[in-house]
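Would you mind keeping the following structure in view while I ask a few things?
So that you can tell them apart, the chains are marked A, B and C in the order they are listed, and the count of residues begins at 1 in each.
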Amino acid sequence: MTPVLDAMTPVLEMSAASFAYRGSAAPVVEDISLKIEAGQSLALVGESGAGKTTLLRLLLGLARPTSGTVRFDGDQLNLRDRRQMRRFRRSVQCVFQDPYSSLDPRRRVGSIVSEPLRSLGVDDRRTAVPKVAEALERVGLPADAAERYPHEFSGGQRQRIAIARATVCDPRVLLADEPVSALDVTTRVKVVDLLSELKEERGLTLVMVSHDLSVVASLCEHTAVLERGRIVEQGDTAQVLGAPVDPYTRCLVESVPRLPA
Amino acid sequence: MNILDVRDLTIRTADGRVLVDRLSLTIDPGERLGLIGESGSGKSLTTLAVLGLLPDGMTATGSVELAGTQIVGAREKQLTDVRGRDAAIVFQEPLTALDPLMRVGKQIAEPLARRRGLKGAALKRAVTEALEQVRLPEPGRIARAFPHEISGGQRQRVALAMALACDPKLLIADEPTTALDVTVQSEMLDLLDTLVRERDMAVLFVSHDLAVVSKVTDRVLVMKDGHAVEEGDVREIVRAPREEYTRALVASARQLESALDLRSTR
Amino acid sequence: MTQTDLTAQTQQTPEPKRPAKRSYTLITGCVLAGLIALLALVSLVWLPYASDDTSGGRLTGPAGDHLLGTDKLGRDLFTQLMTGSRIAFEAGLGSVLIAAAVGVTLGVLAAFAQGWLDDTVSAFLDILIAFPTLLLAMLIVAARSASLGSAVLAIGLAQSAVVARLVRVLAKRVLAQDYITAARTSGTSWPRIVAGHVLPNIWPTLVVNLALQFGLAVLAEAGLSYLGLGAPPPNASWGRMLQEAQATFITAPAGALAPGILLVLLVIGVNLIADGLRDALDPAARRRRA
């Protein structure tokens, strides 16, 4: 399924990347170095204001780092290079936190899910139909969902639609911004299961921004902890969450509310 | 006597849909009850009904007795007397619960002046005390700040200070930590626990998160689609849920938590 | 919590089929505006008299040959009313078309502006809105000539600033939604994002506003014609009929009352349509948005 690349080349890589808003001295994220290798899912963990969303925008090619680089398949990502960006957009897709704002309320689900295929020039409206049906089936939605509008679906179902859209063009990397935090607990578990299934079956590499450590632990092999725009600790998830070295990580792990034994 | 006695509370929308269906619950003075449910379960509506704050078009039937006052069908005048004195509420989103155009100190002063009749220096002292009580650093600076100038956690502490200002007999907390970061949530839950314990206050704690509820309350009531599904000791329910829905809820929470344990012990 | 919880509830419980509530506002508005539109349409193919036919005798008052009588030059009032309704519709539609074309283009472009450019664009639009339509009309008439076209151009340009400001705010709100980011990460180009996501989502609010602008344009054209800045004679505009009938109002009120009443009815009709559209489009939009 996944195109076999040189095993040593990370799909996405950030080196010493910083980002500051124009006219603002303090960078939102600073000196970030990350490697995302195929099949090795990464969680970016942090609390509000840690710079998680900015980091995601850099990785999505929606913003350019003020210093440092973002590399895709070994080449520096150039937002002006149309051919590279087309390849990049096909390989890297995104799921958002809020399943209400992430689906255009005036479009049918079929049109929403097929948007990447049509925009990337892979398919037209007609030839996209079977792929859309397949993508919807994969996320566990009924076949007639394509004909309906987003408001006819619950939050969990809407997040499934968003996942169908993000996986319809067979990307290698799925960037997810708090993909389950807006969902109820029972729904949350089901969507986590779905993401884990997509990882296993389709060799999808997941890069997930989250504040929820249990979700991180369920889905990602690697974890990087962000505090105020800097990475304070990164490595194997078991290592980072099981034996945190940094005091902030330790505080984070200890703060997770637990069920009574 | 119960501080809160809800009997067969039913809440309907204007077009007759039933959102809460014959719900009954009681809270003794100083007792804490957790209300657990997912979105659409009617848990938040129930808390609003307790204070007679249902949105326009929704009607409540049945009985809600708060410290001996019947809330269902009560006049606005009676309700105003009850709110703050008998019960106060802390909402999920502190940014919308506070007036964005009013300094924090003034917002806390308002209930203090109204309920305790304080003025001038005494009022100012009471405001500082109220802020200190919720462990806010530099109460002077916070009192002069506008809500958007302080952090989310600090805003929620301010909201808590306002709720506690009139020493209510019952504190209603509707997802008070859901909008907060996990480290801030943990501090907030500890604070809530301490303050309520000191005052021997009754609590109705609403949340979708079993783990969070279990940190504050002993007894929980599980709600789904407007119905009470199961009620009992929180440890008991987590250990051996009786109803199918509760089992699903506990299983989901367990599954996520077990991932955390697996990772951290491997 | 309360808010999200409530919306979640309306979201997840299937909407019970409500008996379709007829929008009486919309129907009344359509009837009022429709009757006048009918007058205008008929005037295109048939008029009781030629518009420069002065054979009727002066100020006859309602009588056999002349349904509403004649004016001080002996022209048939009903004929003038019909021509006037045609001109009113031309003025309304023409202005709204200009306002929509210019306003939507400017507004969407302005929505993309950021930082100082954004501030400059909004300041420019505010100045344009403050600039009196009358002054603009005088300038345009001075540059061209007094004609319906000049009046429509002036009104349309003045209104496009109002439309642009509205579109800017609406489009900015849409551009902040996650589905726009999703479209961008799917490689959708900006023109396609505007056509496929932004315009459809601002459409309901925009239509309501344009309907209101139509009413305002009709009023503005009547005003300009009253001042002699509109369609020149012999084309009877309601505004000019009012002006011409002013001197003889006491002795022959029909000449002023008739165009005045039609003007009021048309504007009320269009405003009712706007209100009706708001009711018809908004709850649906809210449910979809929630």
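As a convention for this text, a contact is a pair of C-beta atoms (placed from the backbone, for glycine too) under 8 Å apart; a residue touches a chain by one contact, two chains touch by 3 or more.
Keep in mind the model is a prediction, meaning the values are calculated, not measured.
With every chain reduced to the mean of its CA atoms, the largest distance from chain A is reached by C. Inter-chain contacts peak for the pair A-B, counting C-beta pairs in contact. Inter-chain spacing, taken between the CA centroids of chain A and chain B, is 34 Å. Annotation: 46 Å between the Cα-based centres of chain A and chain C. Chain B and chain C have centres, each the mean of its CA atoms, that are 50 Å apart.
Touching two or more other chains at once are residues 39 of chain B. Across the assembly, chain A contributes 155 as residues in contact with two or more other chains.
Shown for chain C are the residues that touch two or more other chains, namely 8, 11-12. Interface residues of chain A facing chain C in the complex, by the touch rule stated above, are 22, 60-62, 85-86, 89-90, 92-94, 96-98, 100-107, 112, 115-116, 119-120, 149-151, 154-155, 162, 165.
Listed in rising order, the residues of chain A touching chain B in the complex are 47-48, 155, 184-189, 192, 211-215, 217-218, 237-238, 241-243, 251-260.
Considering their complex, residues 38-39, 152, 181-186, 189, 208-212, 214-215, 234-235, 238-239, 248-257, 259-260, 262-266 of chain B touch chain A. Partner chain A is touched in their complex by these residues of chain C: 8, 11-12, 115, 177-179, 181-189, 192, 196-197, 200-201, 285, 287-290.
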